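Two complexes come next, and they have one chain in common, chain A, joined by chain B in the first and chain C in the second.
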Partner chain A sequence: MNPANFYALVGIGLFCIGLFGMIINSHLLRKILAFNIMGSGVFLVLVALGRRAENLPADPVPHAMVITGIVVAVSATALALTLMIKVATQTGQATLPDEDDK
Partner chain B sequence: MAIENALMAFPMASIWAVTLVLLPLAGVICCFLLPRISRTLGLFTSFANLISVSGLGWQLLEHGSYRHAVGGWGAPLGIELYADGLSLLMLATTAMVGFAISVYSTAYFKPAVGVRFWPIWLCLLTALNTLFLSADIFNLYVTLELMGLSAVALTALTGSKEALNGAMRYLLASLLASLSYLLGVVLLYHSFGSVDISLLTQQMQAPSATLAAATPAVWAALGLMGAGLMLKTAIFPLHFWLPPAHGSAPAPVSALLSALVIKASFYILLRLWFTLFEPLVDGEAINSLLGLLGCAAILWGSVQAIRQTRLKLLIAYSTVAQIGYLFLVFPLASNMGSVAWNAIAYLIISHALAKSAMFLCAGNLLRFGGHDRIADLDRVVQRLPLTAAAFALAGVSIMGIPPSGGFIGKWLLLETAIIQGRWDLVAVIIIGGLLAAVYIFKVIGYTFSPAQITHEAHNVSARMQWSALLLAIGAVLLGFLSLPVLSLLNISDATITSGVGL
Partner chain C sequence: MNRNRLLLIVLLPLLLTLAAGLGYAVLSLPEQPQYLQQLVMDNMADSGVSHPVTAVLLNFRAYDTLLEMVVLLLALLAVWSLDMADPQHKTAPSLVLDTLTRLLTPVLILVTAYLLWVGAHAPGGAFQAGSVLAASAVLLSLAGWRLSDKLTALPLRIVLVAGPGVFIILSALSMVLEGQLLKYPVAQAGLFIVILETFATLSIGATLAALFLGVRPGKINKNKDRKHK
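Let's look at the complex of A and B:
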């Protein structure tokens, strides 16, 4: 296995860990952190697969995409954190009510 | 001379297409800088947007589908804008519904909330316009995120407990969906070295690539992108976030979310499914699965809608059901494309008009009585006749009674299902229509009866009543305009659309 594929697999692993964390955790901060781990996983896959073959230079396009992706992830995290604080001040807890509670 | 050359290089269509992206974006900035006149600016921008869409439509009718390389940088490196019949229809629906909702919002929002509403709504408009004009899957990701973030911010606008919880749930679902989509984009880029839809389609359809196309990476990309877009479109069983978000947002925002935002992710799914994924999914079990989810959504959403006691939640569950109809295109379009396509285009437009009218009516009733409990609607027919008429007309289109846009869409869908002998789908379409009649007549019935608990009635401005009524009339009139609307859909480009008559 070449290093690029190894990193790509690590990225997919991070994506899955983040997905798992986002689903099982009820605390909103943990969900937001898990989302960021998922995002890092996707970005790692994107950069790692940029090098198509050993003897070719790395493809620069994925790097541009990762930067765009990071900007989006930062804004999304900022919005999520603001919303979480608002939810916490309104309801006194940083979790979402269960579907059945209503 | 130089100017003439520049004009030659810049045909009219690209001016309109670029305007559609830049105009609302400029509106966002102006609304932030000049909050005092943000209401006027917002209304002006959405009107100018309507004119730009007509301009683009006129150019497309003259010259056919259009592709514009932004800044002279075309695919595979640059970003391209692309417009054909389907994108034009989506843009036109967005512009019409958006303008009506803007007129409504000038009367609905108090200045303190309006200052926040207008820039975010124009941001959503920018995202929608760009999404319908995008020609590459990565640009679609960016617009999808922009749309999701502004939609969430709009949902949380009132700051009430329900709205914040709904917005948070919506945000988490939306982020999960976009990351799943992005991982799919990454895998496709790795497999083919491009993100441009038409280049990807060519590579997928090339005979030598048939083997390569079936690689696990492409199937994984299909699964990830499909799942992400389905979560964003809120198809059963991924609809859990929709009712709380659409039910708790302010009425004009619910109208925007139900009419336009979920259609945008469905549009991407439709585009990808019938262009670059077509060689993979054609006639496969996955199309039947999508159809099955559609059927489940129609039945489950309608039954839930009947059970609701609050008007906005009823309308939100009705949206869940109506999305199901859109997914019936997947099992039906693979054999005989064009009729199923026309049906879906019709269902998208008529649902956008009718559902936005319904949510605006709900906003009027909420303003009028201070609540939206269906059982306490208290003789609305006499006291708010325009709103009651708007709700009834929108209901005609949602139920699919002739003559209305919803009828044409459902009739075409039914016809395709009968010709293909899919009697299971025929049954679901008919039962769905009957269930829709049950939940709509439940509301209409209560508007005639006096309520047990009476409320102090508040004044509802004429602008709010008329914009709802005009949208509902539009949904019904659509039933008479099938030829011109369907001819717009035929503006297409052989390289991007294959077998189906898109």
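Let's look at the complex of A and C:
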């Protein structure tokens, strides 16, 4: 297996771990962290697939897209964290209300 | 607990199936397509820089980058509109943080300038430089430093919109010169990219730092004034 495929598989693993964390945890901070891990997995897959053939130079287009994606992910995370703090200060807990609680 | 265990029993096989499916998809991909890559390599000479990623970001697909700057600004507007309370620390920063910040801030600014400049021919560029700049601003704010009130009103906002603003001005200019949005004149492409990247770095740094702080600057002081009256 060439290194690019290995990194891509690691990226898929990260994505699934993040998805797992997002479903399992109810605390919003953990959800946001899990979401970021999912995002990192996607970025890793994209970067790795940009250089699948070992005798060719890396494809710059997916790499440039990943840089764009990282910055957007950071700003979206900042917004999510701010919303979380707002939820926490308004309701006293950093989780979303469950349907069963009603 | 019981419900959680049930969830695990259902969830784990589903996730493993998803992982296996995605893994199969990645491994069974056809050979690396060369069309876009070849297109980039063929036009590198006209791009004004010698690093392909920078060429893609700021020349061939500059429209994406322009929109990305706007997204950053939009996120900041959304955070500011949430009207957060200022988590002001009344205690003085510890000696370690204080000294480290004093030592690191000039170094980080130097690294920012280096990353910005090196982006033309090696990995680096506006986004990396901007995030280092933001990191130094975050460090400063953790050590208790705040922009003076004079600078937070209009000057900060000018810096925040400088990146997208200059981007839009230059793309309008490129429309006048070349008749197409963001198609730089070949001879001046390098200059265009350096100007874009410089302003983008400043804006990205300021935006990320402002996102970290989360408080709309100027707001707290207004409230204080009201209390005094």
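Everything that follows uses one rule, which is that the second predicted complex is superposed on the first by the 99 of 102 C-alpha atoms of A that agree within 3 Å, B and C clash if a C-alpha of one lies under 4 Å from a C-alpha of the other, contacts with A are read in each partner's own complex, and residues count from 1 in each chain.
Everything that follows uses one rule, which is that a residue touches a chain if its C-beta (ideal position, glycine included) is under 8 Å from a C-beta of that chain, and two chains touch if they have at least 3 such contacts.
Being a predicted model, the structure only gives us computed values, none of them experimental.
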| task | Name the contact category of A:Asn5: first (chain B only), second (chain C only), both, or neither. | result | second
| request: For A:Gln90, select first, second, both or neither according to whether it touches chain B, chain C, the two together, or no partner. | output: first
| Between chain B (first) and chain C (second), which does A:Phe15 come into contact with in this model arrangement: first, second, both, or neither? | both
| Can A:Leu29 be said to touch chain B (first), chain C (second), both, or neither? | neither
| query | Which of the two partners, first being chain B and second being chain C, lies in contact with A:Leu79: first, second, both, or neither? | reply | both
| Touching A:Val45 in the superposition: chain B (first), chain C (second), both, neither? | both
| message | In the overlaid three-chain picture, which partner chain does A:Ile37 touch, first (chain B) or second (chain C), both, or neither? | response | neither
| task | May I ask you to decide whether A:Ile67 touches chain B, chain C, both, or neither, giving the answer as first, second, both or neither? | result | second
| query | Which residues of chain A are in contact with chain B in one complex and with chain C in the other? | reply | 15, 19, 45, 49, 52, 59, 61, 65, 68, 72, 75-76, 79, 83, 86
| field | Of all residues in chain C, those that touch chain A in their complex | value | 4, 7-8, 11-12, 15-16, 18-19, 22-23, 26-27, 29, 31-32, 34, 36-37, 40-41, 52-53, 55-57, 61, 64-65, 68, 71-72, 75-76, 78-79, 82, 84-85, 125, 127-128, 131, 204, 207-208, 211-212, 214
| message | Help me check something: in the complex, which residues belonging to chain A touch chain B? | response | 15, 19, 22, 28, 31, 35, 38-39, 42, 45-46, 49, 52, 59, 61-62, 65, 68-69, 72, 75-76, 79-80, 83-84, 86-87, 90-91, 96-97, 99
| note | chain A residues touching chain C in their complex are 5, 8-9, 12-13, 15-16, 19-20, 23-24, 45, 49, 51-53, 56-57, 59-61, 63-65, 67-68, 70-72, 74-76, 78-79, 81-83, 85-86, 89
| message | Per the contact definition, I'd like the list of chain B residues that touch chain A in the complex. | response | 77, 138, 142, 145, 149, 152-153, 156, 159-161, 164-165, 167-169, 171-172, 175-176, 178-179, 182-183, 186-187, 189-190, 193, 240
